[in-house]
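Each in C-alpha cells, the structures are laid out below.
In the two complexes that follow, subunit A is the common piece, with subunit B as its partner first and subunit C second.
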Partner chain A sequence: MDRIHNRLEEIVGKDYVSCSAEERFIYSRDQGVQEPSEPDYVVLPATPEEVRDIVLLANEAKIPVVPMGGGLVLSGLTIPLKGGIVLDMKRMNRVLEVNENSHYAVVEAGTSQGMLDAYLRKHHPGLKHSLPDAPPVATIAGNIAIHGSGHLSQSEGGFHSEMVTGLEVVLPTGELVKLGSSSTVPGWFSRAPLPDLAGLFLGWNGTTGVITKVGIKLFPRQAHHDVLIFMTEDVDAAPDILFRVIHTGMAEDINYALSPKPDYLRGFQMIVINVTAHREDELALKIRIIRESLRPYFETKEAGFMPMPPNMKAGLLEVPQKALSKFADVRKGGGFEYVGAIMPLERIPDACRAGMEITERNGITYSLGARIIGRGHSAMFFFAYPFNRADLDEIRRVRSALEETNEASIKLGGIPWKAEAAGQKLILNSMEPATYTLMKKIRTLLDPNGIMNPGNWEV
Partner chain B sequence: MDSEYRDILHRCFRCGWCKLPTNYADFNCPAYLKHRFESFSSGGRMWLIRAWVEGEIVPSERFNEIIFSCVTCGNCVEACAMDKIKDRLVDVFIAARRDLVEEGRIPPRVRDYFKAVSISGNPYKRPVEETDQWARDLDIEEFNGQEYLLYAGSVASFDDLGMRMIRSAAVLFKQAGLSFGILKGEELDDGNDLRASGEQSLADFLASRNIEAFKRKGVDKIITVSPHSFHTMRKDYPALGGTFEVYHYSQVLALLIEKGALVPGELREKVTYHDPCYLGRWNKEYFSSRRVLGGVRGITIREMDRSMQNALCCGGGGGNFFTDMLGTGPDLSSRVRVREALDTGAGTLVVSCPQCYRMLDDAVKAEGVQDRLRVKDLAEVVSASAGDA
Partner chain C sequence: MQRLRFDPDICLKCDTVDCIMRCQYIHLDQDRAKEEHDRLVRGQMSSILHECVTCYACEEYCPHGNHPFYLIVERQEELGVHPVPKPIEKSQVTMMGPRGKIRRKEVHDPVINMCFFDMMRGGIRGRIFEGVSTIGGPDIFCNLMFLHFARNSTIKERLPVVIENIMKFHLEPSGVNELICYHDECYGTYTSWAPAFGIEVPFKPVHLFDFMLRRMLELKDEIRPLGFTVAYQRPCSSRLCPETDSLIDDLFALIGVQRPNRRYEYDRALCCGGVIDAAQRFDLAEENRRKNVEDMRATGAQYAVFNCPFCFWTLAEPVMKAGMVPIMISDLCLMAFGQ
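Right after this comes the complex of A and B.
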C-alpha cells in the first residue's frame, strides 16, 4: 500500500478509502457517453475538516481532487480526467438547520434532493425546496454547483444557484471559508449585501474548491396541485404561448416538450403547466386564468388542452418524475445523454429544428424540450438522446450528436449547460478572451498547484 | 451467467433510485448504507457484474465482498425506475453468486456457512435430532394429521431469541385450540438463505428432503415462524414438487384473534413494528402483524419513517445473518434501524422474524440503549398483554 493511501486512511478511516479495481472502475465513468478515466483513490470524507486534510495532502502530493455529489451529471464532470482522488461527498448528508421564518435550510454537501424533501415533509410540512428532474439521490450541492434548475425555477427565482443563501467551501489550498451572511453574523439567510464570493464556486465544475455546506432557499408548499398540457403543431407558436402562460403569474412550473413517440403525437409541441395552490378554489381560479390566456389559440381549433388519463396526470404531478429516468431504457439499454442549453425563449423553435436535424443525421432518437427559468428570463433547452449501452455504434452516434448539438446550441445563441470537457472548450473558444483570462487568473490564484478537477474549463 | 440475466445487465442506468425508499427518507440499501461506495449500491453491482461478464474486471476479494454483501432485502426492486428490469435485480445478484460458487470463488465466511449446513442440515452445526428441543417442555404433539404443521426453521430451532419466539407462538396456538403438530427431529433448514447466497444445489436438496418429510406425514398446511421459510416454501418449493398452503404465524395469530379464539389482554406500551423483508416487500404481507397489535388494548403503534414497503432491512437477509458479510459499525442497517425506532418514541420494537429479532436485539446492545428500547416478538407482545410473559 502506498504512502498516499496510508495518509488517506489516517484522515477518513480505512473503510472509506479505496484504490480497488472495483471502485476505480465504477468511479471512472458516469451514465453518459464520455470515455472512462480511472481515479487512483476514491475517498469518502465525513467532515469539512477531513475534506481540508485531503486537499492539503493532494497539494503536497500534487495529485488531482475531483469532488462528486450524486454522480449523475451525465457529462463526465466527476470523471477524474487526470486521475487522482475522487471525493464522494455522500457521507456528509445531514440537514443542519431549517429556518422556517427566513425560509432557508442549511445542508451538508452530500445531502440528496430526496432526503431534504423527506426531511421537510416530516419536520416542516409547510415548506419545500426546488427539486430538479434528476433522480432523488442527486445532491443539493452538486446541483447548485452546475447551475441546475427545477420545479420552482419558473415561479420562485431562476436557477438553483440563484437560490443559494450561502456556502461553506474548502479552498484548493485547504482554507475552510464561509460565504454569505453566515460569514459575518449568525444565520444563512442571504448572500447580499456582501461581495458575492459564492459565484467563485457556482458553475466552475469543481475547479475552484470543494463545497461542504449549502444554504438553500425554501418556499411555501401548497396542498393542491394540478397539471395541464397545451398542445399545438405550430412550432413557431411556442414562444408566444409560453409568454402568455408566464405572464398570468399563475403557473408554478412550465415545461415544453417534443417527442417522436407516440406516432400520432409526432410534431406536437406540448406545454406542460403545473399549478399549485393552498385552496381548491384558488387552484380552480389559477387554471381558469391560464386557460383564458390561451383562448386565441384554441379558438383556432389548431391547438388545445389535452385531456389526460389519471395515470398520466399522476406521473406529471410527481416531483421528481420517475418517467425521466425511465427514458434511459427507451432503447432497451440503460443510457441517455443530453445537452441542456441555456438560451433565450425565442430560440426554442430553432432549437427544435436543430435537434431533429441532428438526430436524423446521426440516426438516433430524441426527446426535446425546455424548462422555463424565471419569468421567461431564459430556458434550459434539453436535447436528450437515449442509447443502448450495449450498442457501441449507437454510443458513437450519440457522442457525435452531442458534439454537433453543443455547436448548434452556441450558434443558436445558447450556452451548453454542464458541458463535458470538449463542450467546455467550445464555450471558452466563443468566450471573450478577457473573460477567459479572468477565469484563468482566478483559478490560478485559488488553486496554485492546479489540483482541482483538472481538464475542466481548460482550452 | 444465464442469458436471462446477462441480457439485462446493460439496462441499468445506475440512476440511484434503488438507494432510497420510495419516500426518500434515507439510504435504504443496507450494503450501500454501510459502505457508501457507489460499487455497493444495486446499480454499482449491476455495472460490476456486467464488467465481470464482459471481461473488464476479474473477481477479487473486493468483488466478492460487493456481490455477497447484498442482503436481498428487495428495496432496489421496490424503488427501481426501470419497470422492465426491476423485478429481476436481486435475481441477477443471486445468479452472480451462483456463478462465483460454481467457480469456487467465495469468501471464507460464506464457505463456512455452506460447510456447516452441508454437514448438519442447519447453519448451527447441531444434530437434526435437536431441532425440536425448543418444544420439549411444551407438550406439543408430533405432527400426525393435525390441520397445521408448525415449522421452526434453523434460527427458531437454535437461536435463543428465535426459540423464545416460537415458544410464545406455540403457546398462543395451544391456548386458542389450534390443531397443529411439529416434526420431531426431522426438520432441515428451509434453504432460503442458501439459495440467496448462491448455493442452489444444497438449497434444493434441503427443500426436497423437507418436502419429502412433509408429504410422508400428510402435511397440507404449514405455519412458519420465519418469513424466510414462508417465502421459499411459497416460491421455490412448488417447483420441487412441494405445494402446500403456507402461512406466517402473524397471519394465523391475526385470524385467531379475529375469530375470537385468542383474546389478547391490555398492554399500555408505545410500540413500533419492523416489517421483515421476506414477509413485506417479497410477499406484500404488511397488515397481519399490525392487525395483531391492533387487537391488544392499550397499545399505541408508532410507525417508523420507513415502514411497510419502505422498511429498512435489519441486514440479516441473503445469508448475511450467518456470514456477517456486512460486518460492524454505526452505519450497519440494524443499528440505524434501532435509532429510527427510538426516534418514534416507542419503548418496544416489535418483530415477526427470528433473524430480525437477533439482529435488532444485538443492535440495541451495540447502541447501548437497552434502558430505552426492548425488542419483542409479536407473539411475546400478545402473551405479555394477557399476563403470560
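Right after this comes the complex of A and C.
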C-alpha cells in the first residue's frame, strides 16, 4: 500500500478509498466514446473538510484531482485523463436546507436530482426544482457545473447554472470558500449584489475547484399538467413556430425533436409543449392561447397538433423524460454520445440538416432536438448518437460523427456543450485571444500546481 | 381499384337531403343544403367537404342507403381536402400500416378480432369471454379510421390484404368461419364499407354485442342486476351498422341497468370529439364534449359506457370530472357476474 493511499485512508476511512483494478476500470470510462484512462485512486469524501484535506494532499503530491458527480456526462469530463484521484462526491448527498418563502434549497454536492425531487415531494410538495432529462442519479452540482438545463429552463430563467443562488467550493489550494449571499449573511438566497464569483466554477468542468455545496432556486409545483405536440414537415418553420409558442408566455417547457424512430415520426419536426397550472381553468386557457398562436399553421393543414392517446401523453408528462434514456440504448450495448450545442434558435434548421448529413455520412442512427432556454434566448440543441460498446467500428463512426458535429456546431454559430477535451480545444481555437488569456490567468491563479482535472480547458 | 357503389340519380332526385339536414355539425337551410349536396354529387367543390367532422352519421341518415359519407370521403380525397393536417395524416398512415410480420396462429370458435386494439386484450376475460380465441395487430387492422383522413384509397389498398391475412393465417387453417369484431369499426368495415366498394368478405362478421348477448343469455342465471343508470357513448362506426344499437338496450336489460333518455342518444348521438380535435377544430370539439358530458350527467348516470377505445380515451377524463365512472362495455357486463 503506498503512502498516498494511506493518507487518503486517514482522511476518509479505509472503506472509502480504493485503488483496486476493478474500481479503477469502472472509473476509467463513461458511456460515451472517449478513450478510457484509469485513475490511481478513487475516493469518496463525506465532508467539505475531507475534500479540503484530499486537495491539500494532491497539491503536496502534485497529482491530479477529478471531481465527479453522477458520472453521466458522456463526454469524458470525469475520466481522469492524467490519472490521479477521482473524487466521487456521492456520499455528500444531504439536502441541508429548504427555504419555502425564498424558494431555494441548499444541497451537498453529491445530492442527486432524484434525491432532491423526492425530498421536495415529501416535505415541500408545493415546490420543485428544474430537472434535467437525465437519469435521476445525475447530481445537482455536476449538472450546474456543466451549464445543464432542464424542464424549467424555458420558463424559469435559463440554464441550471443560472438558477444557482450560491456555492461552497474547495479551491485547488485547499481554501473552503462560500460564494453568494451565504458568504456575508446567513441564507443562500442570492448571488447578487456581490461580485459574481460563482462564475469561476460554472462551466469550468471541475478545473477551478471542487464544489461542495449548492444553493439552487426552487419554483412552484403546479397541480395540473398537459402536453401538446405540434407537427410539421417543414424544418425551416421550426424557429417561427417556437417563437410563437414562446411569446405566449404560457409554456413551461418547450422541446423540439426530430428522430428516425419510430418510423411513423420519421421526417416530422415535433414541437413538444408542456403546460402547467395551479387551476384547471388556468390550464385550459393556457392551452387555448398556445393553440391560437399556431392557428396560421394548422389552418393551412400543413402542420397541426397531434392527437395523443393517454399512454403517450403520460410518457411525455414524465419529468425527467424516460424516452431519452430508452433511446440511449436503442442500439443495445450501452453506448451513448450526447453532443450538445448551445446556439441561437434561428440556427435550429441548419443544425438539423447538419446532424442528418453527419449521421448519414457516418452510418449511425440519431435523435436530434433542442430544449428552449430562457424564453428563447438560446437553445440547447442535442445530437444524440446511441451505439453498441461492443462494436468497435460503430464506436469509430460515432467518434468521427462527434468530431464533425463539434466542428459543425461552431460553424453554425453555436458552441459545443460539455465538450470533451478535443472539443474544448476546438472552442478555445475559436475564442478571442483576450478571453483565452483571461481564462489562463484565472486557472494559473487558482490552481498553481495544475492539479484540477488536467487535460480539460487546457489553456 | 374498387369504386363506390353509389347512384348519383338517387341523390340528385332527393329533395329531403337528410344526410345534410339532419347533420348535427353542418347547419344549412334546405335550399343551400340541396345546392351544396348536389355539387358534391357532381364532383364539384362543396362547403360540406370542409365542414364535415367525419362523424359518419349521414350513412345512417340516408333513407336510400346511398352512402353519402363514403361519397364525402371520396370527394375530399379527389379534391385534395384534408380534414386533418397533412403531417398527422401521413404519420398515422405509417403508424397504422401493416408490418408484414403476421404469423399463422391456430384459433378456435369463437374468435374475437381485436383489430389494432391488441392493448385491450386484457378486457377479454371472465365468464362472458371464457374459451374465446383472440387475434389482432396491425396486419389485420381494418384501416377504416382513414375515413376520418379523407383516405378511402388507403382502405382500398389495405383491406383486401387484411382480409387475406385473416383468412390465410387464422381462419382457414383453423376451419373457422365466424369472426367476432371487438370494435364497431371492424364490423362496419365488413358489413358496410366492403360491400359498398365491392370487396368480398369471405367470413361471417359478428358484432361484439351480438356475441356478448348470446353468451350472457346462456349464463342468465348467474347475472346479478346492477341497478345503475348508464349513459352510452355511441361511436361513429356504429352509424355503419345502426341495427346493432338496439343490442345495447338488450344488454342493459339483461344486466339490469337503465339506459336513460338522453338528448344526444340513438341517431342524435354526438361524436366523442377526438377526430374533431385531430381536425384542429378545438372549440367545436370542446363544446361538443361539454354538451355530451353534461347531457350524460343530467340523466343522473353513474357510469358512462363505451365500446370504442378511442371514445373512451377521449372522454374518460371529462366523464370522471363530471362524477361518472367511464367503463368499457365488456367490463360493465362482467360486473353483473360479480367480476
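Quick note on the criterion: the second predicted complex is superposed on the first by the 457 of 459 C-alpha atoms of A that agree within 3 Å, B and C clash if a C-alpha of one lies under 4 Å from a C-alpha of the other, contacts with A are read in each partner's own complex, and residues count from 1 in each chain.
Note that in this section a residue touches a chain if its C-beta (ideal position, glycine included) is under 8 Å from a C-beta of that chain, and two chains touch if they have at least 3 such contacts.
Please read all numbers here as calculations on a predicted model, not as lab measurements.
**Student:** Superposed on subunit A, are subunit B and subunit C clashing or fitting side by side?
**Tutor:** Fit: subunit B and subunit C sit side by side once superposed on subunit A.
**Student:** Once the structures are superposed on A, label A:T232 by its partner contacts, choosing first (subunit B), second (subunit C), both or neither.
**Tutor:** In the superposition, A:T232 touches subunit C alone.
**Student:** Just checking: does A:L72 make contact with subunit B only, subunit C only, both, or neither of them? Give me first, second, both or neither.
**Tutor:** Touch status of A:L72: first partner only.
**Student:** Could you work out the angle between subunit B and subunit C as seen from subunit A, using CA centres and rounding to the nearest 10 degrees?
**Tutor:** 70
**Student:** Touching A:D281, do we find subunit B (first), subunit C (second), both, or neither?
**Tutor:** In the superposition, A:D281 contacts neither subunit B nor subunit C.
**Student:** Using the superposition on chain A described above, determine whether A:A118 touches subunit B (first), subunit C (second), both, or neither.
**Tutor:** first
**Student:** So, does A:P309 touch the first partner subunit B, the second partner subunit C, both, or neither?
**Tutor:** second
**Student:** One more residue to check, A:K322. First (subunit B), second (subunit C), both or neither?
**Tutor:** first
**Student:** In the superposed arrangement, does A:F268 touch subunit B (first), subunit C (second), both or neither?
**Tutor:** Once the two structures are laid over each other on A, A:F268 reaches subunit C alone.
**Student:** Give, as a whole number of angstrom, the minimum Cα separation of subunit B and subunit C in the superposed three-chain arrangement.
**Tutor:** 17
**Student:** Give me the intersection of subunit A's contacts with subunit B and its contacts with subunit C, in residue numbers.
**Tutor:** Of subunit A, no residue contacts subunit B in one complex and subunit C in the other.
**Student:** Residues of subunit A touching subunit C in their complex?
**Tutor:** Result: residues 231-233, 262-266, 268, 288, 291, 298-299, 301-307, 309-310 of subunit A touch subunit C.
**Student:** Give the list of subunit B residues in touch with subunit A in this complex.
**Tutor:** So the residues of subunit B in touch with subunit A come to 10-17, 19-20, 23-26, 35-39, 44, 47-48, 51, 56-58, 60, 62-63, 66, 81-85, 305, 329.
**Student:** Residue numbers of subunit A touching subunit B in their complex, please.
**Tutor:** 15-16, 18, 20-23, 25-27, 31, 42, 44, 70-72, 88, 90-91, 112, 114-115, 117-118, 121-122, 135-138, 322, 325-326, 328-329, 332-336, 388-390
**Student:** List the residues on subunit C that touch subunit A in their complex, please.
**Tutor:** Interface residues on subunit C, with respect to subunit A: 82, 84-88, 90-92, 94-95, 274, 277-278, 280, 282, 313, 316.
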